[in-house]
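Dropping the structure in here first, questions after.
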Amino acid sequence: MQEPSRPTASPERPERGASAARAFWQQRFAEVRAHTLRLASSLSAEDQCVQSMPDASPVKWHLAHTTWFFETVLLPRSPLAYQPFDASFAYLFNSYYEALGPRHPRPMRGLITRPSLAEVMAYRAHVDAALDEAIALADETTWETLRPILLLGLNHEQQHQELIATDVLHLLSCNPLLPAWQAPAPTQLRLAEDRHTGWIEMPGGIVDMGRDLPQDARGEHDDDFAFDNETPRHQVLLRPYAIADRLVSCADYLRFIEDGGYRTASLWLSDGWAAVQSNGWRHPAYWLASDDARLALQPQHGAAHTGPGWQVFGPHGLRPLDPGAAVAQLSFYEAAAYAEWAGARLPTEAEWEAAYDAPGIRGMTGEVWQWTRSSYDPYPGFRPLPGVAAEYNGKFMVGQVVLRGSSQATPPGHARPSYRNFFPPAARWQFSGLRLAKDL
Amino acid sequence: MQEPSRPTASPERPERGASAARAFWQQRFAEVRAHTLRLASSLSAEDQCVQSMPDASPVKWHLAHTTWFFETVLLPRSPLAYQPFDASFAYLFNSYYEALGPRHPRPMRGLITRPSLAEVMAYRAHVDAALDEAIALADETTWETLRPILLLGLNHEQQHQELIATDVLHLLSCNPLLPAWQAPAPTQLRLAEDRHTGWIEMPGGIVDMGRDLPQDARGEHDDDFAFDNETPRHQVLLRPYAIADRLVSCADYLRFIEDGGYRTASLWLSDGWAAVQSNGWRHPAYWLASDDARLALQPQHGAAHTGPGWQVFGPHGLRPLDPGAAVAQLSFYEAAAYAEWAGARLPTEAEWEAAYDAPGIRGMTGEVWQWTRSSYDPYPGFRPLPGVAAEYNGKFMVGQVVLRGSSQATPPGHARPSYRNFFPPAARWQFSGLRLAKDL
Amino acid sequence: MQEPSRPTASPERPERGASAARAFWQQRFAEVRAHTLRLASSLSAEDQCVQSMPDASPVKWHLAHTTWFFETVLLPRSPLAYQPFDASFAYLFNSYYEALGPRHPRPMRGLITRPSLAEVMAYRAHVDAALDEAIALADETTWETLRPILLLGLNHEQQHQELIATDVLHLLSCNPLLPAWQAPAPTQLRLAEDRHTGWIEMPGGIVDMGRDLPQDARGEHDDDFAFDNETPRHQVLLRPYAIADRLVSCADYLRFIEDGGYRTASLWLSDGWAAVQSNGWRHPAYWLASDDARLALQPQHGAAHTGPGWQVFGPHGLRPLDPGAAVAQLSFYEAAAYAEWAGARLPTEAEWEAAYDAPGIRGMTGEVWQWTRSSYDPYPGFRPLPGVAAEYNGKFMVGQVVLRGSSQATPPGHARPSYRNFFPPAARWQFSGLRLAKDL
Amino acid sequence: MQEPSRPTASPERPERGASAARAFWQQRFAEVRAHTLRLASSLSAEDQCVQSMPDASPVKWHLAHTTWFFETVLLPRSPLAYQPFDASFAYLFNSYYEALGPRHPRPMRGLITRPSLAEVMAYRAHVDAALDEAIALADETTWETLRPILLLGLNHEQQHQELIATDVLHLLSCNPLLPAWQAPAPTQLRLAEDRHTGWIEMPGGIVDMGRDLPQDARGEHDDDFAFDNETPRHQVLLRPYAIADRLVSCADYLRFIEDGGYRTASLWLSDGWAAVQSNGWRHPAYWLASDDARLALQPQHGAAHTGPGWQVFGPHGLRPLDPGAAVAQLSFYEAAAYAEWAGARLPTEAEWEAAYDAPGIRGMTGEVWQWTRSSYDPYPGFRPLPGVAAEYNGKFMVGQVVLRGSSQATPPGHARPSYRNFFPPAARWQFSGLRLAKDL
């Protein structure tokens, strides 16, 4: 372990006006980094070490990997004569960047009990200090290079903040005791929303979608930011369609279950039906039916607060199903089957984006990601970013499905209309739900 | 086993003009059915019984399944008081139609040594006779119902004709002796094509793609036919692009191999690179390097006709690599990596279709299916056919990639500009290759 | 393909007395080889080509492999200038002899549709003719070398005769139609045996078991033969014990099932209980409960001859359970659980062998192999045979369990008191049952 | 959580003489329990939580499970009105006792981040206090019941002490940094032992082996203890044999490696050769060849103390191979192949036990467990203990191989001549090595 190094040569100091901008970014950096730690603050070292499935990662790994990103991609381009905190971390905490050398196999991330959580915390502090210094000391030319990387790194860390939430929940959901991640919230059942779905009619025609990167990446504020997979801004031709003004709720989804949705092959895509049968799916991933054996292991088992019906596992532990809440932890297969059952369909991502600001529309962000009926293909004219960032998004563009919006686990300021989230169609440990659409 | 039954009631006989049309369809039916048998004619009962992998099916199963389709979907709607040839065949030879009851598991199709090939041949003859009679005897109203089913059944059988070819080749490729399916063709190496690729510039804009079904399905001739996944005809907005005037050849692909294509992670999609590493891919599925151990088992091992370089396994057995032939038996991953290496990309299916009749373009059909950069999603406005045919295409629309064109194994008359073939991105036992495109 | 070759040099002709002995062996050889073909005679080429699981082999492979053994191990030591029938067969039909070079992977034996069954039949005839000639023409010194190999080869072929029976039954049992291997036998239910089990008391003490090879291998007749795993003859010390005078019957085993045997963990070995749960075992492998869905596919479904109760699949197809027949197609786990339930245990192989000729004992051979409570370990002083035969038995001596006796599928003359059959404890496609024992 | 409860009724107090005996057992109990904690004392909560493979368990689980055993089997029979510490622990920490209800699946033990390590420590303290009280307060009749359970529980905990050592080492060996479990020991290479192996000749004949339980279980001291699988004491008849006076050393084993042992099929059992090929075994599990990529991640990489040759991972981290140390972390397959290569064989367990006190024999205990050539079968007359303990040993008696002796990880006082350890033949994360034997 070493202290962040002073620059080897005295750099041209940033000017005063620039200085205010640097302070802005120093603070922004500090805030994002602190939010990550806040997410982990209620978790023990044990909680942060274990990997619950190959698709998920330990929190400690997320803490280290996001740090590694800044250390590996930004600091070598900074004026600091920075030396890596620990030479082995490049091997341990690289996620999937082939260009950055060999790395520890993903399914074995949970076996890394050393370095300890405390060492990873020290790693974070060390890199944080170096970053702070690099932001302050870079001359303007260097800063023009660093700022887009910083912005990418912050957005990268925000993505991992959401994964910390969903990966922790998955881990805790594998514990038959179903422990709560966060302190229990006061039990306040929302009344079930009125079941009426309003349909917002959209005229179609040629619409713009996506984002252009070049100017954004040099924008002064991070709401100018976009990932490369959102680029370029381009036009698509839409037919007239209607989109639901609200998300599908737990009450809605319960009707699908009670109507035999999980037993009716004709509602399902072929791969979806196979998944239902081989995995024994009968409800969303974190729902517990009233005869679930794990309920007997709950400390206040039988107490009034759990109630007689469905329970849903979430950040606050087990809670009675909230009929008005958006259904979550759905696979694409389940979302598509529900839509078929409801006599509707999922929107395409272009339809979703075109309706983003439609008057009367609710729940586009902040509750659940919404599965679309669009496979994750490149936009016309898409080219990956140059350099290391080339591996950021483009190489995953096959076999996955696009989700739009954002969820309760998405950090503030990270959502935008053009954001393209993506997961394999069978994934169901995310805050993933749906909104209906139909042809006109 | 039973004889095809006479109609229970004397139907209204078709009129004379209609009679000529019926004769046309009787002949068309006979031709398609005969072509299937021709494909199998050089194969022993053993060859036709075995299943080489879960994705492939035995030839005997193809022979029976295509027959079952006519027996189950068409004959019950015909005027004949038809009784099924064997009550158990509905269980044995249903492929994936949930609406038609339980069925024999796909990976166990190769264990069905009984019924024998001879019995399946008798089954075919029995159903053929019934079909011939049903076409002749149906009154006009019934005929309006039967004809679209007949058309669908014939196109369905043509699809299986191609699968017979590719599944047999896969089976024979698993035999270390690499026996030839068909009599050896005279060795006549084509000279390598001029390597120059012409780029055809396409202006983009709003183009029509796909097909409308209703009128087609009632067309008098089967070139009016389309599958439901090609519908509806709709407009898309394209950017200007260029498309190669020819297919990627074996000589082209060999340069990619020799340039380390299979060792360069940055060329590959993430899932593709994982497939390369876990499967040890080093070349297309049916290529044999000169040090392949199976060459020692060849009867004329060392003889001049095999030569010193790459060998390619195909319908005529092992042949020296033909530099000018279209490269085939590629996965989507390999096609995409090649395009990346070549500084180009794959066309979208809309781009492919818009260029179908472009002046100077070659090889759009009849050589290899061409992987596109389009996931297999539904077209806007797509609805599956009603009834049993609903399960024909729509339920497979996730996790697969579209191929366009047709191959040397596609039966004559089965290709059309709007045809959407689809396979998972890792599939590489088809005659699947590629054509390049690029942005303008 | 070639004709069996004449000897290159004129050998010393065997003398007259020897000549009679040679004729004996020529006839013996012809009989064993003919019996193999008789087993396959009711099977189609399709039946003989397919492999139903990695543990089983196609009949065609058995036909070729037993021939390959004579061709590879005996003929090169004979006076004939023999050339292999086909150079590739050494690769295709070697089973597991590392010393004899690389070989086709076992799980892929069913993909070898070429060579055809007809070619394998020609291979057999070719090698048969060469063997016949080799036996006749060998001089006495050579004959001393050949005879033990011939004897081993014949016993080897007899082992494969039993595997042909059990592998074919397994294949047919995977066909939902459950076709019969052999012509139906007249339905003649044996009356259930008296359930009384007589216990034969054995005094224990020092007993001899096993066989000595050297003199045996040179015996004039094949009842002198033993495999190396039966050697050497040695003494063991037994405690007094009792052994049942009869096999466990289907009626006995049915009581175990009806008493909840498959649901009672405490009766089972740990691995056995895991197998019950993961495989869903509820009865012996070839029993069908009256609600088995496959019964609906039987042609005479509902006819009186199947009856309302349990059906058992066997060489003659489906038959009503015969209460007095020995229970078969049991794993070791099931045999051990049954014995536990019955308040008894399985005999050790030494106990079994010591009781072989006990007065009053029945069913030691000819019905079912009997699982013992002895793992398949080497006898004290065991050394594998020299040369290729070293791989015959010894290298399998771990992880398997010994069965004793013989079954209805064992060819006549192949059983003897010291015979050690062995299978993994989960295997249950053999004619494997049990006999009880207990301490005194 | 609750305090250990006082007895509900005032028990008959133990008499004075008895009182001294009780104090002995209180101390013995405290010592064994403290030793377990000592083993874990250098491990972080993270280290103790993770499960490195399904065959291994987390240290925290071992800590809890051994406690659960006392709580569940002993305390309900004690005079205390004991209430379980936490009702859910019966589910979480039952290992495999079917009679004690359902339990958490073994491969998911590593996902139990809650209860935390601190809670498990509190659980231990709580049960320790209750045990101490129960020992003191039990009347004599109750004590006669409790003492054998206590003895069993202590021996059970000692077995888990060894598993803690081997499971921790396996976990750390999966970390590419190869961290040390214990503080580095001073580097003091033992000189390679003289390679001469002395052969101790044993006469054979009838020998006694095993142990009788009834009197042992009531013995005053735990050196009277034996597990049920060592019973009953019985006689076996041995042939004359010779046994090596020392263990096979790392230097010995290195010669096997250098002579191509891992490339020579004829040395291996069939399953062993398959394991070599499918797992890529080239040396014992914890040996690192000098080109091992993990060496580059070592902090003092290149430093003199690692040296140029083989490194061996162990409790003190990476150390240069010690030629005179007993080879360890071997599977049975490797031990058997080594013996074959050395022209010898493994001893049977009876031979091993008969030679236990032979003059001149060394290393029978305290270095490595020694694979024998005996499958883990029941002794003649073996009956499992009644009650819960019935599941302790007997149900694992198939598919495993016996090891004899004890290792450096075995707690003091836990070894004895009749001890039967057992593992599947492929296991190689134990301190398992071998000693040679041969026929005379």
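When the chains are written out, they are named A, B, C and D in that same order, and each has its own residue count from 1.
To be clear about the criterion, contacts are C-beta pairs under 8 Å (C-beta built on N, C-alpha and C of every residue); 3 or more make two chains touch, one makes a residue touch a chain.
Being a predicted model, the structure only gives us computed values, none of them experimental.
Think of each touching pair as a link: the shortest run of links from chain A to chain C has 2 of them.
Separating the centre of chain A from that of chain D, both taken as means of CA atoms, is a distance of 45 Å.
Centre-to-centre spacing of chain B and chain D amounts to 59 Å, using the average Cα coordinate of each chain. Note on chain placement: the centre of chain A and the centre of chain B lie 39 Å apart, centres being C-alpha means. Contacting chain pairs (ordered by label): A-B, A-D, B-C, C-D. Within the complex formed with chain C, the chain B residues making contact are 44-50, 52, 60, 87-88, 91-92, 102, 104, 108, 110-117, 171-172, 174-177, 179, 293, 297, 299. The residues of chain A lying in touch with chain B in their complex are 96, 98-99, 206, 234-239, 265-266, 268-273, 332-333, 336, 348, 373-378, 380-381, 390-391, 395-399, 401, 425, 439.
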